[in-house]
Amino acid sequence: MLHVHPSRAADLREPDQLRTEPAVPVETYEDSFGNICARLVAQPGTLRLHNLTTIEDSGQPDPVMPDARQASVAELPAETLRYLMPSRYCEVDLLSNTAVELFGAAAPGWPRVQAICDWVHQKVTFGYHYARPTRTALDVYTERVGVCRDFQHLAVTFCRAMNIPARYVTGYLGDIGVAAAPSPMDFSAWFQVYLSGRWWTFDARHNKPRIGRVLMAVGRDATDVAITTSFGAAPLTIFNVITDEVRRD
Amino acid sequence: MLHVHPSRAADLREPDQLRTEPAVPVETYEDSFGNICARLVAQPGTLRLHNLTTIEDSGQPDPVMPDARQASVAELPAETLRYLMPSRYCEVDLLSNTAVELFGAAAPGWPRVQAICDWVHQKVTFGYHYARPTRTALDVYTERVGVCRDFQHLAVTFCRAMNIPARYVTGYLGDIGVAAAPSPMDFSAWFQVYLSGRWWTFDARHNKPRIGRVLMAVGRDATDVAITTSFGAAPLTIFNVITDEVRRD
Amino acid sequence: MLHVHPSRAADLREPDQLRTEPAVPVETYEDSFGNICARLVAQPGTLRLHNLTTIEDSGQPDPVMPDARQASVAELPAETLRYLMPSRYCEVDLLSNTAVELFGAAAPGWPRVQAICDWVHQKVTFGYHYARPTRTALDVYTERVGVCRDFQHLAVTFCRAMNIPARYVTGYLGDIGVAAAPSPMDFSAWFQVYLSGRWWTFDARHNKPRIGRVLMAVGRDATDVAITTSFGAAPLTIFNVITDEVRRD
Amino acid sequence: MLHVHPSRAADLREPDQLRTEPAVPVETYEDSFGNICARLVAQPGTLRLHNLTTIEDSGQPDPVMPDARQASVAELPAETLRYLMPSRYCEVDLLSNTAVELFGAAAPGWPRVQAICDWVHQKVTFGYHYARPTRTALDVYTERVGVCRDFQHLAVTFCRAMNIPARYVTGYLGDIGVAAAPSPMDFSAWFQVYLSGRWWTFDARHNKPRIGRVLMAVGRDATDVAITTSFGAAPLTIFNVITDEVRRD
């Protein structure tokens, strides 16, 4: 899933076509979440995947709308309902009582989501060496450590438990002019919640508005939006993400 | 999800419209798996949900095709790939080594799926009192007890781990003329695998061809195809499923 | 572990010798927790285990001492330290942050233990059909259902996480004159905490002082004090516990 | 638990007294497993713990006794029974079916333990970066990665499931003249099984006889024999283990 999400396609100034070395046929399809997926059969040996594009961005930080309203479940559009369900890394059923105990007193809607992000951000300790592919939201809750995906999984789970549709996303986070970019650069995970009739960006890892997020894929959790899913051994040799600001004259 | 699956709609001799007492508006929509979902807001008090229909069935048991072929992952249609992924109740990642150890020596395709069903059927003990909403495939593997959904979850997980697309389904299982119906009747869970370009029925609980399965919903696991998903307290008072054979003159 | 605990041996008015039908040799030994364990090799066929005794009891309910003091870890006797550690059913490490968040504001010592009992008693729903041999304290925390042992496991885990030595116990609970005995009678599980230099009785399941507890065995959790531990198939056919008050003239 | 185990005390050529800088009172006691435990209250600031001793060793590798016999449970001494039970990191109950399936065909006794070590050694990938304090035997079984303690936890669990008493141990592993010592040196974990009336050393991590093991502590699992157990924040600054061969003239 190395393409920009269709919702940002209009902002692309050049196509973000995936290229491979050696060249192999790449099939592109749209999955059930509306993401663009590229699919290929790699030959034995080293494979280089890369793409390069320019995208128009507002330069504005993530919008903040403290009075964004939480719909009752009855009002929610049908297509948002699957983002209330448990998934591989988000055991909504196992953490629903905890969610109500922790966030039941917060005002519904935006303040409740913000309370969830504040809690996760404050209680979980970040560290790259904590990365573990099997860690679920419940594991994050008990272990209180993780990388960015772990923060989002726990926050997503709490939101769903409070009947707020929440989806896990991956994308680019250029972050120019706001804070020092993490070094080395990486793709990033954040999440979206459905309030007042649209999806809003939240990020329990950074927990403050950022500039330059470019959405790549949305899903129930990291299972659905892995940057690469390999069938067969595919050890990662080098991994490089570069996002630069290109100002218009 | 009380409707017959669209793939069987042509067999319906009368519409299988969901009715409620007291009457409340029922909205119908198709989810991302292609299932027909009915949605309603229940008022406080007792709610009765019922539907009634007649469906044409071949009367033939589940087809058996021992030479149904397992496609390589590269050959699989894109829309089947999500049925290789882990999900809430199917931790494919955690059981993949076990699957290879247990079933790696079985011939690919139909014989491998059958080996999986045989193993699950033989190793897991059925009992209604073992029902537990939080039991995952890994729990079934370690506890070795369960109800029908548990059998299918473990089998689905093993199939996915062997790169065979597998989906969890619910439906009616009338079973006239083959074996004594379970008493009382219930909806049933089974699963489907993708071999030789189509989906085939398997059932790790019963592990033999049955007559009269009527598909209602397909999904990644029980999360996606719950008969009812309630937001708010909705204790079940009475539950009744009746399937009768109506012979054509 | 069908004998009365040595701490109550002086109260026995007759020996509580374990008898078997058919008669088989029974070896008795004391385990590392100070419990009396009986050990035997059963022949194939039905085995009846029974004992019968009379014990002197104060008739007083469990003592309540709201100013019982929580020692610092440095002050604790060495032999109590193992009751601070995690064990099979009590994942102290996984619930320590939750314990501090829930009970950190309660006054140390007795009030904190009482706060733990109140929480567990209120949040967990009792039901015999919820019995499950694999349920750990973390499972109780997430599922919020269980039988008496589950209530105690969660309370024990929270106490340990707050540096209060806590041990799981089993025994007779006659309960004459206080409340209707559960029907049918059973052995019961409760727990003890170490405050002000001694062990005190708490019971997160009933959460009120009871009369007539007779201690049988203490341990880290249910693993250590199972009434029977069988090696080989040993299905339980009938199980009967009778405790009657015998008043002195 | 920085002292040599009492079973090796006769081999000490100088006392292995624990010293602290700054000097604080150190209390020593024996725990229920027979280990020597030192206990102290550290003041805020840096604390250095060290000890230094010389111990006589046979220089012989771990004994191998392929005909060491597995006692029936009925024959086992009472004090070995607790090493058949589940514990925090060894969920014997959850892995007992798997153990029987994998090792039921191996000859009882030494060959069965060796089969267990071979399996764990072959299936689990070692890596220091896989270290995780919450990983249980079931996690090792599903994740197939770990550090030395994880290898032993899984092997111990499988042995117990096959009714072979098994205990987890920590100690020094000097290993001079047999294989390159790991760099930097560390304490090591291995395990012991009870066969033919005594405890034998096995090591699923290295899976071959080694020279110069010096036992420090035995227990049910890593919970019981942690080198240090701290109550309060105690970040480790530097950690150094040096074992040198001192030949007699």
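Chains here go by letter, A, B, C and D, matching the order in which they are written, and residues are numbered from 1 within each.
By definition in this document, contacts are C-beta pairs under 8 Å (C-beta built on N, C-alpha and C of every residue); 3 or more make two chains touch, one makes a residue touch a chain.
Keep in mind that what you see is a predicted model, and the values were worked out from it rather than measured.
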The chain whose C-alpha centroid lies farthest from that of chain A is chain C
Among B-C, A-C or A-B, the pair whose interface repeats that of C-D, with over half of its contact pairs matching by residue number, is A-B
Chain B and chain D have mean C-alpha positions lying a whole-number Å distance apart equal to 46
So, in whole Å, the Cα centroid of chain A is separated from that of chain D by 42
Multi-chain contacts in chain D, i.e. residues touching at least two other chains, fall at 91, 94, 134, 142-143
Within their complex, chain D touches chain A through residues 129, 132, 134, 142-143
Per the touch rule, the chain B residues reaching chain D in their complex are 91, 94-95, 97-98, 123, 138, 141-144
Within the complex, chain C is touched by chain D residues 27, 29, 31-33, 37, 39, 41, 73-74, 78-79, 81-82, 84-88, 90-91, 93-94, 133-134, 163, 223-224, 229, 231
